[in-house]
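Structures given as structure tokens follow.
Presented sequentially are two complexes of chain A, the first with chain B as partner and the second with chain C.
Right after this comes the complex of A and B.
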């Protein structure tokens, strides 16, 4: 049976939060909360911590198995229905992230390459990763995520001379409401960590694992958005499609060393593709739970290809990807808070007679 | 006159201890048994060795009795055979009148260190083919196998493929006996076990599995023994045959076993809990389990001071990156991401490439292919012309190609740097894998730029993360992260800090030493004889 360590689970949690969020939502957060946008991830983190606590309490009742297994075993039909709902939710995330990465590469790196070709390449790698199982996912994360975190950590050193600290003042200029609204938008991405207890047992993914992972992810997201504020300023940064890329473009060490964006994007791309791999794995894992006779490994390729098609079908262009961020928190709240709350009250082991 | 008559008789059979059933011989074994009649045995072996002109049948007469010595001239040590077998037989038994048993010959007459008795025909033939001499006696159904193996073999020399500035200079040879001896000189412990296998239907190659039984994982040893037992092949001529039969992923370009000619390397890895496989007829010894990071470790890293070893190791990591990615990066940047280059460099490269009729990928493939062909040809060139051809390749092909406008000067530099970088990798089998993989990277870079390089890297990473070497993850140390093993991957810590053995290979008995930093206060002694 495949096993991963708590440390690996923590890194997977951090990666799930960090990788896709940094190109998806910063511009909207800056547009809503302006110079206070650096607080929005913290607000989302506090809310998601509650969800993790709920799921951890449920998981502690079924220590040896993951929550998918617990749901299906405890409630045959209702459990399968819930698993199916989560599976569709995760499938949508796969389509969204796949389209997001393809759009990003198309806009930033390969402007003349057809979008579908880029998507096919990404799906190819994602399928290979997901077929490898959770051990492979964990090792890929351990390989690339620390490198990405290291790069983000040295960004303040590289961008130090571009800082304008006045940009983050005045604090709470527009009130706390904007920060809370930003937190509401951010919660849809930060709450993705709540998917981990559904495929990792409580032995591997406990509350502290989730909190550490979330803490690391939120810290780096906050660091990046804070750098955006003090380097680009909230007014300009909120008008970019990818403010973090524009941030990296400001790195200029000497006349000779001034184009690091492609290098840093090359370090980030493996992490985001691995993240889509986790989601595809969770999706296939869910399908396997609903239809026990199916092998999760064998359906990975098929599900990946369907996700490729749906990523073009669901989102006509990249603007729709931005627009979905404004409605997605409602859906994420259902899966990250409402359903875990119901599980907290109703999902318990059968009483011993 | 007393007739000197030596008569041979079979040894008196000792009764079996009670409770031990006698092995019953199967009917088909009867044809495989030796006869008590020398003439019948002689005919049997002459038929078996028909048309083998190098097999010698030497009759020895003792009065009225005859014995027969069978051996292969090129495989035996003639002086040993003469001094310790023939001379004692001829001189001591000349005047012997009492009956002589095989036991007498074994214990009193023949002065060799090892004498075995065999009753089976095929085993006797195998023993002769292995370099032993066989003594057949009339009236005995035992063949005495005299260990007089010799023959002409290469002596112990400095390893050709793994030269070092500092460290032992002896290397393995083709003789497995010599090789085990070289290892025993290093590890003087009763825990060093050597399990023997005979593999190859026709070559019957002797293969030894060596491990430290107090350090190695028993499950791994059992698994490798099972794999060695399961090999069915007509002949084994090199350790590569064994490697391909027992590795975990036969389709992977990355080797899952390491090979070496150095006894010190084998000893070091055995002391970490791994196993080694010696194959008769080749100086290359296989070792496993291994990890990807071992391709960047050389024996010399552990003999020089750790500052120097660390610098060189980081240099190797940087050059591995260059060996794999430099041509692909050049293609990607010049084709898709020209804005990544500083303006002055961009103008310089653009000027150089202006008159080149080929796109960057074609240019790169031409040069890389020529370089690989030159390298391959260089292996087989006679030493006398090797130098001249190197100059020919460097100056004529490189310079002339640039002047002819076939390739640009930056491409020649790129290819040269890549070639030099690939030579910095200490392990040849790892270097080959990296060298071969740069071609698909170049193709991906030409099609998709830096994104193609990223996709190629990801596919490579997926493969490496999923690869195992006898149960040990291939990237063990980094993925999965093991902090204890990082001290020999990212850096080389001083020996006094290397207290624990790597946990991936030695699960039991991990503590190697007490780990005292050398200082005047920490002198405990205990090593004097």
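Right after this comes the complex of A and C.
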């Protein structure tokens, strides 16, 4: 059995929230909540904390095993159905993140390289990482994520001269409703941390670990969106495809460091690839739980290939990815709140005779 | 169309070349699932090559859930 520490679990949680959300949803949050967008992740965080509490309570009833195993051992068929549903959900996330990264690289770094070539390269790396197991993934997270957080922490210092604090005001100009709507959109990404108890046992993933991980992720996302507001302004930032990249492009330290974004992207890319690796690992882990005797490690390549083709099939272009964000909170709510609530009431160990 | 078939065949041949030695030692169920996923992957790839306007699950999902979309609720 693979072992990871609580600290690693916390970083995994923070990474799962932070890595993909950076390029997926900030523009939409700024469009919905305008200058109050910095509050949206906090609203989502409060809601997801409830989901983590539910899952932690369920996990505490099955200390030695993860929730996939608990479901399958407790309810033979219904449990398998639920695991299969979660596996399809995670598979969709793999396809979405894969397409998002490929589009990003295609738009910003390798404009003349065919999208399919970029996707194949990303899948190749993701498959190799995911086959290494959760220990390898956790070590990669430990290596790159703190570095990425450090870069985000020094951004206010590098961008200080561009700040326009008046962009924050007036607070709640459009009412609290817009902030809540933004929070609803953000829930779909922040709630991905609720997947952790499905491959980590309660020994590793406790409520405290989840809340710390979520707190770190939400803090850095809030910091970035706040920087977007004071540097670019909510109206301009909401019109960019990737406002965070435009934010980093504002950094001009000296004449020779005018493309600081390349350096930051080179730290972010391994982090997002590790995140997709986690999702692929959870997907294969789910398939293994549903079909006993299956080797999760060996099917990783095949699942990766299906995810590659599905990432082209599911989404026509990068605009489609953005459109899905508007309805995705409904699906995320089912998997992060409704099913955990049902598990809270029904998933209990067999009573001892 | 033929380009799509060639690409699919090339990728599958490459995957099998790299994985076959390990895959041979695996259980029958693992091998079956592995090959069926390769088959599904190839079918999707060819479907995308044949169809000009393929049916996309995300578009379908968007249409089904559109009454609950934040854009329509505002």
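Please note the rule applied: the second predicted complex is superposed on the first by the 353 of 353 C-alpha atoms of A that agree within 3 Å, B and C clash if a C-alpha of one lies under 4 Å from a C-alpha of the other, contacts with A are read in each partner's own complex, and residues count from 1 in each chain.
By our rule, a residue touches a chain if its C-beta (ideal position, glycine included) is under 8 Å from a C-beta of that chain, and two chains touch if they have at least 3 such contacts.
Since the model is a prediction, treat every value here as computed from it, not as a measurement.
Overlaying the two complexes via chain A leaves chain B and chain C side by side, clear of any clash. Shared-chain residue A:312: touches chain C; no touch with chain B. In the superposed pair of complexes, A:199 makes contact with neither chain B nor chain C. Angle at chain A (Cα centre) between the Cα centres of chain B and chain C in the superposed arrangement: 90°, in steps of 10. Looking at the shared chain after the overlay, A:41 reaches neither chain B nor chain C. Of the two partner chains, neither chain B nor chain C is touched by A:168. Contact with neither chain B nor chain C is seen for A:220 once the two complexes are overlaid on the shared chain. In the superposition on chain A, A:142 contacts chain B only, with no contact to chain C. Once both structures are overlaid on their shared chain A, chain B and chain C have a minimum Cα-Cα separation of 16 Å.
For chain A in complex with chain C, the residues that touch the partner chain are 32, 120, 181, 184-185, 287, 291, 293-295, 298-299, 301-303, 305-306, 308-310, 312-316, 320, 323-324, 326-327, 329-331. Residues 11, 15, 19, 22-23, 26-27, 29-30, 33-34, 37-38, 40-41, 44-45, 47-48, 54, 56-59, 61-62, 65-66, 68-71, 74 of chain C are the ones that touch chain A when the two sit in their complex. Here chain B touches chain A in the complex through residues 336-337, 339-342, 448-455, 457-459, 461-462, 465-466, 473, 475, 478-481, going by the rule given at the top.
Taken together, the chain A residues at the contact with chain B in this complex read 5, 7-8, 105, 109-110, 113, 118, 121-122, 124-125, 128-129, 132, 136, 138-140, 142-144, 255-256, 258-259, 262, 265-266, 269-270, 273.
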